[in-house]
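Here is the structure we will look at.
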């Protein structure tokens, strides 16, 4: 949004609000307007009171002694309880939005972003990779899985009113549904070293046909599933983890997204985090019926991007079809 | 240096200028020590917090690494500290009652057991050194040949975290013990010179509080560091 | 100043503490699963209370001292507890709404 | 009788300044007032040093390209600005200077309970400051004042350990000051000075001391762990070798959030003194203002997670910390309302300290209310780590705490030195500070909501207009701080003699001579009335 002087040349415009280009952006803005309104009203009241009292009760003679007023319990209760009730509305509204944004819709398409000093490396299930550029279609929920190769970064798109820290050693996710084609800032918002302010890029929101067009160009290295499959062979995973029969390690078909029985009696959902941990720290959770200390750790051997490819590959095995016809995850939405 | 006006008639030589009475001075000193112990609680609390999180993250590694600590030494040291606490408590009691001879003997006993504790701790540290279990010295840390750690760099790292906590926590505790022994020596010297009587024994009282606090920390460190999971090999 | 515990009660406390140390040690040799740590900490807590109340004579101290001792442990629980809130609930995934 | 401070023509009463002479009498003093003066000198040096870094930051941000210095240098600038201002100015500022000087006097004590520990705390502060400054001289630190891991522990190539040592050491100075205050306030009150009669400045300092004593050790241990991690790579906060960086944030903010209350609470205490004195009226709702200080100190420990909503902390922990963050706003609101109500039907003077108090009420209101934006989960996601946070923090710290500090310095300057400052210049610079401050920091709210991330050396060009405003404002603000420094120095020699109670204020500190004698009072005062009993006639001034 731009102030009423929108007719001025672009260099003289003074923006007051960032562009609003996602479904979240508007809902956050409404809450922000509400907060701002309360702030303005309260500030005006306090300023006015101070100003009026200062004028009206100014000291008129040096020896003046005003009559004491000790206080009023009723007033004290009123001005603690009423503001708190107002604040509870902030809390409620903010928490609702926060939780509504917590988990992506089931049909969200996947994008993977890896933060690295000082760039964003983006990859798509279809195999495209780019640096500091993110292309997404308009009107389709997009889930971004975030990983970091070094320090904490933060994936921040002001036009979407969204931000999530990217903490090394784990996966974080965020999702959005862009509403307006255009180019928007992508910032790193968590201080990450020398070129922190250079760790910026652009989010390009495109219409569906444009996006399909863009997807069609590129992906020379094959889809992420294919890239993951390649790594699966390269690192020798395949010697123990067979697809359709029992090896030294658990069979991987149908694992992703299912609940796994562990040897300590607990069960766990096989999600990105679990597969990541199983690759990097295999002893942490042992599937029932298998022994610990069999699989070596791959910590430090596979890049974050490679890990994501492996996960996408294992995810593709969740669908119990013969290999080859597997749809890349994230593309289901299109079918 | 200006003397305070309106000085108390019978001025106790141990009363400092800015206090009105011996009782006020004593109460201030003890309260001061308690507030100091409050900060000490939070100091160790920070370590316990980090310890708690990593223990819950890596329970298996912590449990098996703990086997490298010798719980017998730990238990011995607990018993030693408890004896020293007893003698300290009795020393404070003797100070209250003005029994100067008993005070000095009990302080010596306390110092002796404090030194015993530090001696045992030194033996333990030396054993870890010989076993190459000291994580801060690069290159000594290698689990590849120990049977309970197969060739797992990851596991070794988690084990290393426990050893870091072990050295960090027991190290800080040992520093407190050394300070405590120093304090006790000072108090002993003061007692020997006859500085204390039944109306002035503040330093004995507050050093006693400190000594007991250090004991309490150890009471928690012992099960947390030596007895993780359950002890398999009891020597 | 205030009442001192008798030598007898000091020695009794010392005896209890020593016995408790052996109990801790013994119990650690029995496999109780997750309960080992709970039992060990409970015993440690009991020992701590004995030292605080008798050896440090907080039993006879002013309410102010008791308040400060309590505050210390309360704040430590705040630190541990609130950090634990995060770690315990970190894997709970909300399904689009708050409760 | 030749030092600058002493002028035989004018100051005849024996006082703490003319009790002894020579540098030894200062460096080995155990008098809380002299130690307070030592602290005033040292934190003023640190304030201007931090201010220079602030000026350099603003100068760099005048243009979006990042063309004045390179990015590493810029990163060091904001880090040093943060470390110096937070740990070496804001935290010790009011407690160690005005608190040190006036808490014992206000409760009718001859000194703090442990004068030697008080002196020790100053030396520890100096050692900590030397560590921090040596980090600057050797080449700087670039981690940000928050020392976030794993950047600080593994990736930064600067003098992190030296700076962390400085903060670690300075922490003990803070602990010792807090310890001293707690014991003093509990045990050294004059006869009749009950808890219900304590001046609110004392209540505020008591609450501050609780936080210092309970919180500081945790940050000390956290920074010690960062140092160990950095030196030996043990893996406590580094995810690459099994650590968890979020744990660092928890432990860091366990202290550092309450630490902002260490900074602001004493300022609120000063405010209560100013508003009552210059309205000549007892504070409205004494019990509520006093209790709200303790409330802030306690609830302040329950809210630190609001710094971590987007870090991937558990959603439910976020919910918990968000709710409690709103709760901590209640006691702050109570204070604002009560000060305003105190002015109602008062006799309001426009003396300089009161101008600063007006400024405080206004700016702290804005600072506090914008804090609510940051406690609101969905809005925080957008504005955290942007200039919105920078603006909010500076509104509370500079608009709140520094305003109160300046007000307090003007208020008590006649008591500390026996001299008055020039009123005209003081009013002028108070105005400059207010205008300059708003001009500097208000645009940052808008830039923040637009999405300008903080700690950016170069930024997107559409944010420039706000940054130009900020830099212009910072210039005015800088002048506004330099003028008082000059006229305070001037007044040491040429200021008119103030007399014992130039404001006709209530409170024990005004009943003794100016400057006060070494042990504060000729005889231990006996308190018979409530705090701020302006309606009861003044006692005859003694002394002289």
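All chains are identified by letter, namely A, B, C and D, in their written order; residue positions are counted from 1 within each chain.
Going forward, contacts are C-beta pairs under 8 Å (C-beta built on N, C-alpha and C of every residue); 3 or more make two chains touch, one makes a residue touch a chain.
Every value quoted in this text rests on a predicted model; they were computed, and no experiment measured them.
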Can you tell me which chain is nearest the middle of the complex, judged by mean CA position? D
Winner on C-beta contact pairs when A-D is weighed against B-D: A-D
Could you give the separation in Å between the centres of chain A and chain B, each centre being the mean of its C-alpha atoms? 46
Chain B and chain D have mean C-alpha positions lying a whole-number Å distance apart equal to 35
Gap in Å, rounded to a whole number, between the CA centres of chain C and chain B: 17
Of all the residues in chain B, which ones touch at least 2 other chains? 31, 35, 38, 42, 45-46, 49, 53, 58, 154
Two or more partner chains touched - positions in chain D: 186, 214, 218, 244, 246-247, 250-251, 315, 319
Shared interface positions of chain A, touching two or more other chains: 95-96, 99, 102, 299
Tell me, which parts of chain A touch chain D in their complex? 14-18, 27-28, 31-32, 35, 38-39, 42-43, 46-47, 49-50, 53-54, 57-60, 64-72, 75-76, 79-80, 83-84, 87-88, 90-91, 93-99, 101-102, 117, 150-152, 154, 156, 158-159, 161-165, 167-170, 172, 185, 187-198, 200, 299-300
Sites on chain C touched by chain D in the complex: 64, 71-72, 75, 78-79, 82-83, 85-94, 98
Which residues of chain D touch chain C in the complex? 186, 214, 218, 246-247, 250-251, 254, 301-302, 304-305, 313-317, 319-320
How about chain C: which of its residues touch chain B in the complex? 1, 4-5, 7, 10-11, 13-14, 17-18, 21-22, 24-25, 28-32, 36-37, 40-41, 43-44, 47-48, 51-52, 54-57, 64-65, 68-69, 71-73, 75-76, 79-80, 83-84, 87
Under the definition above, what is the set of chain B residues touching chain C in their complex? 23, 26, 30-31, 34-35, 37-38, 41-42, 45-46, 48-49, 52-53, 56, 71, 75, 78-79, 82-83, 85-86, 88-90, 92-93, 96-97, 208-209, 212-213, 215-216, 219-220, 222-224, 227-231, 234
